[in-house]
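Order of writing sets the labels: A, B and C. Residues in every chain begin at 1.
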Amino acid sequence: MTSLDPRLVRLLLGIAAPVLALGAAFAITSLVLVVAGDPVGEVWSTILSPPETRNVVNIVNAATVLYLSGVAVAIGFRMNLFNIGVDGQYRVAAFAAAAVAGEAWLPGVLNMVLAVLVAMLAGAIWAGIAGLLRATRGVSEVISTIMLNFIATSVVAFLLRQVAVREEGSNIVSTRPIPEGSRLPGIPFGDLPNLEIYGFVVVAALVGLGYWFVLNKTRFGFDLRATGRSAPAATASGISVKRMTVATMLLSGAIAGLVGMPLLLGSSYAYGSTFQSGLGFAGIAIALLGRNHPVGIALGALLFAFLDEQSNPLQILVGVSPDIVAITQGVVVLTVVISYEVVRRFGSRLEQRRVAAALESERSAKADAKQEASA
Amino acid sequence: MSEKAMKPDEQSHDLAVRLRGIGKRFPGVIANDDINIDVRRGTIHAIVGENGAGKSTLMKILYGVQPPDSGTIEIGGKQVTLSSPAEAIANGVGMVFQHFMLADNLTVAENVVLGAERLHGIGAGARAEITRISDAYGLGVDPDALVEDLGVGARQRVEILKVLYRGARVIILDEPTAVLVPQEVDELFGNLRELKAEGLAVLFISHKLDEVLSVADDITVVRRGTTVATVDPAGTTARQLAELMVGSELPQPTREASTVTDEVLLDVRGLTLPTPEGRPLLDDVTFRIHRGEVLGIAGVEGNGQAELVEAIMGMRPGATGSVTVGGRDLSGTSTRERRESGIGYIPEDRHRHGLLLDAPLWENRVLGHQTRRPSVRRGLVDRRAATADTQRIIETYDVRTPGPNVPARALSGGNQQKLIVGREMSGEPTLLIAAHPTRGVDVGAQAAIWDQIRIARREGLAVLLISADLDELIGLSDRIEVVLRGRLVGEFDPTTVTPTQLGSAMTGAGDEPAQESA
Amino acid sequence: MRRTTKLAAVLSTAVLALSACGGGDSDSGGDSSGGGGGDASSDIRVGVAYDVGGRGDQSFNDSAAAGLDQASEELGIEFQESEASDGESEADREERLRTFAEAGYTHIIGVGFAYSPSMAAVAPEYPEVSFAIIDDEAAVGDNIANLVFAEEQGSFLVGAAAALKSESGQIGFVGGVETPLIQKFQAGYEAGAQAVNEDIEIDVTYLTQPPDFSGFADPARGETAATGMFDDGADVVYHAAGGSGGGVFEAASQADGLAIGVDSDQYETADPAVQDVILTSMLKNVNVAVYEWLTAAAEGDTPTGTTRYDLAADGVGYSTSGGQVDDIEDQLETFKQQIVDGEIEVPTTP
C-alpha cells in the first residue's frame, strides 16, 4: 500500500468511507424490511427506479434547500460549534423575510433582495444570541440553540398571528403573499409546463463556492478552522476565540437564514402554517454526510432529496410507509461517521508509517553515501 | 547522600513490588526507559521527579492502565502482566488519584462498596468490613456520612479506604498532598505510617522535596524517563534531591561570550495576576531583558512560570501591570497585536498550544502569523508562499519530514518542536519566549534547539527562557531569576551559580524560611 | 471536532429515528387496498391523501377513513391511502397527489386544509381526475369538490349544553392549535353558552400555535390545560384538540367535572374509565361527507364546488350516547331548529 502514490491512496480512502456507509445502510434497511415482512425487492426497485423529469426537478429543488441547511451547519462544525439551531434560525428568518416582502415597501427585484437580506440578518441575530451566550457566559451552544428553536416556534407563531392575512375559505394562516414582481423566477426544465427549478439554486451554488473560498482561502477561514482544530493553540496564535465564536455563529445563522428562501421566493410566496419544517435537522445529517466539504454536502443533499422524493410513492405503489427511508438516512449518517473514523485511523497510521519509511530511507541513503565516501 | 545498593535477588521475596527495565514509548517521545525500582514491604517509597519526567506513565503502567513496551513487573515475588486496573487490583495494587473519584450524593459506605459488591455484599457485612479497616488503620471514617459533606482530607481517606477494601497491599498515591492544607498533610502522613506499620507498601509520588524527605523510607528519583538513583532520606538533603531531579550528567549547553547590550527590549513592571479567589498567581513581577540577552526563569513547577508567560502573551485577561516590548507599551492589547509587535512564542505544551496536530505543516507555519507575509496577503492565505517558507524552515532547522504537506501529528516530538522554533523565529521577532523548549525531545533535537536560542541571542533578540532543567538554564542564560509562589525571589549570575544554590532558592530553603507546601 | 461530530451524528440519527417512529404503523393502506372484496362493482378508483397522523389517529383522519370504509364496503370501491409526514414540503404534498393521478386513480381526496395549495396546483394538470378537499374552500377548480363543515353550529349546541349543565357558571374550551378552523369551534361554543347564560365565564386556551401542530397530539398538555380550568372553577370543558382530548377527559375525571368530545362520538371510543365524564360530543361528520361524495361519484355524478355540511344537512350535530343530555335535549333541539331556520346566526370567529 505504501508503494502507491499517496494522493491516490488518499482518494481511495476518501471514496471508501461513503461507499462503506451506503452499503451498510442498504443492508440494515433491507434487514428491517425483511423483519417487518415487507417486500424488499419492490421497495428498492421503487426507490432506485430512474426518476421522471418532474421528480428530478423536485429532487434538485429539495436538495437546494437541504444544501443551504447543510452549509449552515458545516460552518459551525468547522469551528467545533454544534449549531443545532439552524431549524429555528431559518424559520425566524423565513418569517421575517416573508413579512417584510409581503408589505412590498420596495418595488420588484429590490423587494426580493431586501427579503433575502432581512432573512440573513434575522438568522444571524437568532444564531448570534447563542454565540454571545457562549462567548460571554460559557453557555454551551448545543443547549442554547435547542432552546432557541423552541423559542423561535413560539415567537414566530405569535408574530404570525399579528401579521397574518386569511384567504376566504382557507384555513391556512400565512403572511401577505409576496407580489408577483418580487418573486424569483424558476429555471424551466424539461418540456412540461410549470416544471421549474428554483432560481435560488444559483444562490445556493454561490453560497457553496463562497463557503469553500472563505474557509480555505481567507485569513478568517484559517482562524475559524484553527480554532476548530484546537482552541488553545488558536488562542496562543493570537486568535480571539470568543470573537470567532460570535462571528461563526453569525455567519452560520446568516446562511441558515437563506434556507427558507428558495421555498419563499420560488414556491410558497408566503410564510404560513404549512411552511416546511425540520430542515435544520436534516442539515446536520447532511453536513456530517458531506464531511463539511462543499461538494460533499451537495452530494449528501442530493442523496437525501433523492431518497425523500423516491420514497414518497412507496405507500401508494408498494404499500410500505415512506418512513423506511428515514431509517436509511439515519443509518447512513451513523455509518458514515463510523466508517470515516475507521478510515481516518487507518489513513493516519498509513501516513505515520509512510513518514517513518521516508525518513528511514533518507537516513540509510545518507549512511550509504557515508560508507561509499569512506570506502 | 548515601545511594542504596540494589537488593540482591535472593531477597526479592521481601519486596512488594519489583520493576525491572520498564520502558514505554509514545510516538516521538520516550516516556519511560529502563526503569528499575524495588519497593519493600512495610515502607513508604517516594518517587520524585519534575513534571514530565515520566512518573505518571510509570504509575499508569503499574496500575494496568497502559502496558509497558519492555521490562517486567513482579508483585510479591511473582511476575505479573497487568493489562487493566482490574487485574492490578486483583494483584493487590490500588491507586488513589489526585482527582477523587467519589459520588458526592452517596454515603461513604456506598462509595466504598460501589463496584466491589461481590466482596462483602452491600449490607451489614460490608459495613463491618469498612469499620474494621477504618479502625485498623486509624482512618476515622464514618460510613454513613454523605461524601458531599466531607472535607478534602476526609475524601482522600475515603479513597484510601476504597483501595484497602478491595484488598490492596500496595497503594499508589499520585501527588496526594497537592490538594491538602498543611494540617491535612500531617494527618495524611500519620495515616500512611499506620499503613506501613501494618505491612503495606505505599508508593508516594511527589515533587515536593521537603514532604518526601519527612515521610519516605526510600526515595527513587526519576529524570527524563529513567530512574537515576534510589536514596535514603536520612542522609539526603532537599538540595541534593533537587540536583538529582534536574541532573547534571546529561549533555550540557556550553556558554558563549556575552552579547548583552544596554537596549531594553522587554520591560515588565508590576505584573500581577490574581486567581478568582484573589490569591496571587503572579505577584508584582518586575524585570527587564536587553537586546542580545537571555533571561532564565528557574523555579519548581507551578510557581507562576506558565502564568507569567501567558500574561506577557496577553492570554490572561485578569493581569495588571505593564508589559513593554521594544518601547511599545502592550498592556491591554490582544495576543495577536503582541505577536505582531515582535514576540515569538514557543509554548510549554506544544500539542495544546503550539500546533494544529491534524493540519499539514504549512498550515502550522501560518499559525500565529495569520496577519503577516509571507503566509497571508491582503486577508488571503497564500498557500504557495507559506509552503515555500515551510520548506525553508524544514531545511534551516533540520525538521525531519517528507515534506510540508504532512500533518504535524506524524512528526516526532523533537521535529515538531524544531518546526515551532523555526516558525517563531520567522517574521523577525524582537523577543523570543521559550517555555521548556527542550522538554520531551530527544538529545539531538535538544542540541539543535539550544543552538537556535544562542543564534537568536547573537542576532540581538531578547530571550525569556523558562525551564525546569537547571543545566539548560545555566548554560544558556545571561541572568537567572528564581520564581517562587508567583514572585521573583532572587537573581543569580549563571557563571557563578551552582545548581545547589538555585535548588535552595527554588524551594525557598535559602534566605526565606521554608514553608509547608500549601 | 471529532467529539462534536459523534455527538451530532447520534443526535441527528435520533431525530430521524424519532420522525420514523412518529409515522407509526402507517402501512395499513396496503392491507386495505381493494377493500371492496370480491364484488368490486364500481369502476372508480379512489386515492386518499391523509394529513399527518393518517388512519388510526382517533380523530379527523379516522373519521374520513370511516366514510371511505363504508363506501368501499357498500359500493365495492377500490382505494389506496397515503399519509403526510410531519414538516413535509409543498412539493411532497403535490407529489403525493400526482402519484395517485399518475397511477390511475380517478378520484382523489385530500384530507385536511394542508392540501389546499397542492391541490390547487395539481388538479388543473389532470382534468380527467376528480378531486375533493376537506375543510377548505380556497382551492377551487372545475374538478375540485370542497367539503366544508359548519363547526360553529355544532359547537353552538354543545356550548348551550355546557352552560345548561354548569353549576358554577364557568366553563372551558381547550383548542388544539390556534388556527382559524379551531377558532370556529370556539366561536360557536361561546355563542351557544352565552345564549343560555349571558353572564357565563368561559376560559379559553390553545395548546400550541401554528406552525407547531403538536397540540393535536399531546394528551399530557391537554390534561394540564384542562386541570387548570377545573382548578379555576370551571365544571365543563369542551375540547377541539384531536388526540390531546384524551388528556382533557382524564382531567375531567380527576376533577369530577364534565368534558365534551369532538369530531366523532367520543363516548363510544374513549377509555371506559372516563366514559362517564363525557357529557356529549360535537359531531363533525367527515365520514358522511366522504361517503356522500364517493356515493355520488360511483353513480357517475361527481359533485364539484363547495358542499357545506351544516346542522340542516346533518353534517354536524351533537351526540346523545351516555344519556347525559337527555334532560336538556328539548332545549338543544329548539336551538338547533332556530339555527336551521336562520333565526340564530352563529358567528365563525370569536
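The definition used in the following text is that a residue touches a chain if its C-beta (ideal position, glycine included) is under 8 Å from a C-beta of that chain, and two chains touch if they have at least 3 such contacts.
Everything numeric in this text was worked out from a predicted model, so none of it was measured.
Student: Kindly list which chains stay connected to each other once chain A is removed from the assembly in thought.
Tutor: B | C
Student: On a CA-centroid basis, which chain has its centre farthest from chain A's?
Tutor: With centres defined by C-alpha atoms, farthest from chain A sits B.
Student: Ranking chain pairs by contacts, what comes out on top?
Tutor: Highest contact count belongs to chains A-C.
Student: Taking every chain's C-alpha mean, which one sits closest to the mean of all protein C-alpha atoms?
Tutor: Ranked by how close its C-alpha centre lies to the overall one, first comes A.
Student: Taking the mean of the CA coordinates per chain, how far is chain A from chain C in Å?
Tutor: 36
Student: When the C-alpha atoms of chain B and chain C are each averaged to a single point, how far apart are the two points in Å?
Tutor: 70
Student: At what distance in angstrom does the C-alpha mean of chain B lie from that of chain A?
Tutor: 44
Student: Can you list the chain A residues in contact with two or more other chains?
Tutor: Only 229 qualify.
Student: Quick one: in the complex, what on chain C touches chain A?
Tutor: Touching chain A from chain C are residues 1-2, 4-13, 15-17, 19-20, 23, 25-27, 29-31, 33, 47, 80-83, 85-92, 95-96, 98-100, 103, 113-114, 116-117, 121, 125, 135-138, 146, 148, 178-181, 208-213, 306.
Student: Which bits of chain A are touching chain B when the two form their complex?
Tutor: 216-223, 225-226, 229-230, 232-240, 348, 351-352, 354-355, 358-359, 362
Student: Which bits of chain A are touching chain C when the two form their complex?
Tutor: 38, 54-55, 58, 61-62, 65, 77, 80-82, 84, 91, 142, 153-154, 156-158, 160-161, 166-173, 194, 228-229, 263, 267-268, 272-279, 281, 284-285, 287-288, 308-309, 312-313, 315-324, 326-327, 329-331, 333-334, 336-337, 341
Student: Can you name the residues of chain B that touch chain A in the complex?
Tutor: Residues 27, 313, 315, 334-340, 345, 347, 349, 352-359, 363, 366-368, 370-371, 376, 379-381, 400-402, 406-407, 409-411.
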